[in-house]
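In the two assemblies presented below, chain A is common to both, partnered first by chain B and then by chain C.
The block that comes next holds the complex of A and B.
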């Protein structure tokens, strides 16, 4: 017998798992962010103290937090755009080349994807090393330090990020494009549409659900970037010029065991990402049929 | 509907019941714990650990011979992740070791966490006062200093002879000598310095009368300026040197790319492995006035007993043995670690002239980082390297950079 509670019953197992995995850690994060909670409190050397919004006012009143946040937003935006452009271009390329080159390209991309972030970053760092780097030897730039300038350092780290992230975009979009009936593309070609026009007016609208996932994933990944910055700029670059939010949080809070402040940064990051994601989903809904 | 309410209530109950985890430190057994069984020891891993391990094995053999039915389980922990390991041990008494080796700059953080036991009764009267002070937190000795490391000025004797230079006698002469070398030999750095090499920069500040806790004072600014002036095209260009760590300056000196370097007694093996081998000498880093010595940072490691050790009595015996004159001397022979016991260091000075400049540096008085749990925060958020790098790269003036650093240091220390 079906009652109107049946859906609830059926959702319960998933609900319990999600609550245990997400709601509880989030609750702890929020709780710790309003406490004075350092190593001394964790190991019981000092009592835990409720400090209300102190961690938040300390964070928001810190000028460096705002400049790091701005740098993070700009860096993440540039990385997302570059990753999508490279990924989408190569996905289209995959559909147009014959089997062997396609296999080779896929394999190369998979290899880049499979490299652990720490190893990948270290290899990039070695390539651009000041004294012994392959790039400097190739270009004859002896003693040029690529990580000296803020923009040059951000650009290099960005390139390493895109290199590691584009395969996911490429593979997902290639799967999406492959699922589009050939007749639609063929009809467009018969009507005289160029490749460029076919891409923007046929493929992109049909790929919207896949694109939405890829964009949101990329935003979340690139906003939370840590490994590449930490390894390649040795923990935030010269005088902290290449700090991003996650590295900053690690440096300010976790490395010095200020878990309360760290949790506050975590909560702020989560709220920003949530807001960006909701905004993006909303604009998508507005500009067309529901996803 | 009832069901949904019940679920919500149940959830709310579970959630409110969970406060963040806090462990209460169990006190060590007051009777000194079991006198038999396995003693757990944590020592630091080293790039070249074999000789250290050999000395420790000798100590264990001597210890187990005089303590029946005991064994010693030594774990060599990685220096990079020591902080996580120690925090874990403080939080989980069950897996905590009995005897630990720890870096003396980590002391205030561990002390504030309440993790280390008072070892005042074990300290030898022969310990030097500076060494004792570096292991004392709020009046309590929380570790027995095991060995010291200090830095002094290494220089290339062959280059100095070729260019007719004398080893510098003042800090100002360090700068002028470095510039002369760079001018005559443009492919060399006069003195290898780095923006991330805090323990090379601080002696300049200390020699001028500045302090870390008062970094925006006029003397401290003068010292910082003297150091950052070295990160310039006429000695060590910012492009190459602004982000160098201490380890990188060791590489530069060892590989013959720098004519001078501020390196520690513990860097001897690394230098001897490079082209500089046999072509260098060491003097104390000079101070502002001729004949004075710039105060060096008193780096070193202590041996401590964990507050939640299972066998504190056995731990005390093993610690006393390992920190004894006999094993300090053996550790010097194996690793080049400077002993903290005066008798042991006198003995070594007599047979190995290499240590003389380092012992002279120690005798002239050393300095230490602020003994405050806030130091961990200053260190991990890179306040001092950031300050040096800002000046070296021209991002800020000395006044501006020191004012910023002073604000952050004050905030961390008063918290």
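The block that comes next holds the complex of A and C.
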């Protein structure tokens, strides 16, 4: 297996697929974002025209874009914080309970994790349905529509997201905590440390590499949520009140045929996540992980 | 204290499972109970009417097969390609190796949703709109970076001496690859497959974008939305369809539960 060209041959198939369906579309995204690209160009009626930064200036001057951007950041931040809090709390809880409850809780979490985003969305919609929803009937909120208000709609989508996302955090952190020698935690307990203090001053520092991965993954996932928003709020909510960047880009492109504008939004999304990724790489390097 | 925590944990487990229970329950409730303004958390007259409606009237079986087909092809293609790449990245030292690794890591972070627009035109120019092949291709690409990253840990765990010994015994490179390394990495491939499978199975965005007019080639997520109607949602059918969509993943997940965690650990630590 020790020829100079072998690694090249082994990497080639994956490389071709990624170049064609990953790198090339990324280049195309950038290209379309500086073109005048609407229905007329798509059908071939008019030639595409280079418009430079026009799409971007239009975007930056559009009040809705800023409102969507703010909503995306806020929504993602809330989801990340809630997912991490629930996941971390349950991971710690798992370490302190008996075998059977532990098995039950991890099986329940696995089940929630496995539910496809579309199915999860429909179930939460049904639970909170105006007339036939169990929650309204339980709370006696006759005819209350949860998707009417911007905040309550976002909260509901967020709940569905956290429900599906906390298991990953819980399982990963639990694996990390289990790998910490029990003697460390015992010594702390002997010295009279509370659970709270043990968590913050012993577990968190020792888990830093795992935590970094979990945090960054959550940020990236929650920032680009599409399915739950699209399905639960029917494509972005009343008058687009629940749009996030991804759904906004999609609607601009495929509903309004503003492909250039949609691509510009895509580029903005990508740049924001690229910044997060670079942060992640720096954390990885700092923690001294060999690649 | 422990007993209190145990109780809390069981209560949380029940709450977490509740939406899934509600979904299955609604799927087997008779139509009258679903329409009721007093939903009960049980049913005394379970019926398969909703499933019949979904499968017989709306040809859901076909969409189910489409989804299975796409997911299986993605799992196999992505698994084989990722295995080859992972071997290259762990068994060889070459220039730019670290660069390639970082590229794969960054690729995992790319919001593929943003690529919908250029991929739509790429697929259109290939004449592949409305085909299942378009979905297989893009999802193979999207699952590759993570699969490579995850498999790398599993390949690295197989001792070098093993393939060296096989080569000394006269085995060709190909033999070493398929007869020695591949079987030993199989558990890792199983864990990787779960992620690729779920990614392809759950996809809603690309199915919605690429499969425009050929209803025969729809996959489950889109087919499910048919039951949402402006006047009155057919909740029984929606929940039955959601249950059908969830079941394979649920079974798959619970079966490979332990491997999954081990695999994640490998990907996380390595």
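To be clear about the criterion, the second predicted complex is superposed on the first by the 241 of 291 C-alpha atoms of A that agree within 3 Å, B and C clash if a C-alpha of one lies under 4 Å from a C-alpha of the other, contacts with A are read in each partner's own complex, and residues count from 1 in each chain.
The rule is short, and it goes like this: a contact is a pair of C-beta atoms (placed from the backbone, for glycine too) under 8 Å apart; a residue touches a chain by one contact, two chains touch by 3 or more.
Just so it is clear, the structure is predicted and the values come from calculations on it, not from any experiment.
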item: Touching partner for A:206 - first (chain B), second (chain C), both, neither; value: neither
item: Which of chain B and chain C A:240 touches, first, second, both or neither; value: first
item: Contacts of A:257 with chain B and chain C, given as first, second, both or neither; value: first
item: First, second, both or neither for A:92, with chain B first and chain C second; value: neither
item: Superposed model, chain A: greater residue contact from chain B or chain C; value: C
item: Which superposed partner A:188 touches (first chain B, second chain C, both, neither); value: neither
item: Touching partner for A:175 - first (chain B), second (chain C), both, neither; value: second
item: Touched partner set for A:28, first chain B, second chain C, both or neither; value: both
item: Partner chain in contact with A:111 - chain B first, chain C second, else both or neither; value: second
item: Common interface residues of chain A - those touching chain B in one complex and chain C in the other; value: 8, 24, 28, 32, 131
item: Complex interface listing, chain B residues touching chain A; value: 3-4, 7, 11, 15, 18-25, 83, 87, 90-91, 109, 112-115, 195-196, 237-240, 242-243, 245, 373, 376-377, 379-382, 386, 389-390, 393, 395-396
item: Complex interface listing, chain A residues touching chain C; value: 1, 3-4, 6-8, 10-11, 13-15, 17-18, 20-22, 24-26, 28-29, 32, 90, 93-94, 96-98, 101-102, 104-120, 122-124, 126-127, 129, 131-134, 137, 163, 171-172, 175-176, 209-210, 213, 220, 223-224, 226-227, 230-231, 246, 249-250, 253-254, 259, 262-263, 265-267, 269-270, 273-274, 276-277, 280-281, 291
item: List of chain A residues in touch with chain B within their complex; value: 5, 8, 12, 19, 23-24, 27-28, 31-32, 35, 37, 39-46, 48, 130-131, 143-145, 147-148, 234-241, 251-252, 255-258
item: Chain A partner contacts - residues on chain C that touch it in the complex; value: 2, 5-6, 8-10, 12-14, 16-17, 19-20, 22-23, 26, 34-39, 41, 80-82, 84-85, 87-89, 91-92, 94, 97-98, 100-102, 105-107, 109-111, 113-122, 137-138, 140-142, 144-145, 148, 163, 167, 173, 176-177, 198, 201-202, 204-205, 209, 220-221, 224-225, 233, 235, 238-239, 242-243, 245-246, 249-250, 252-254, 257, 261, 264-265, 268
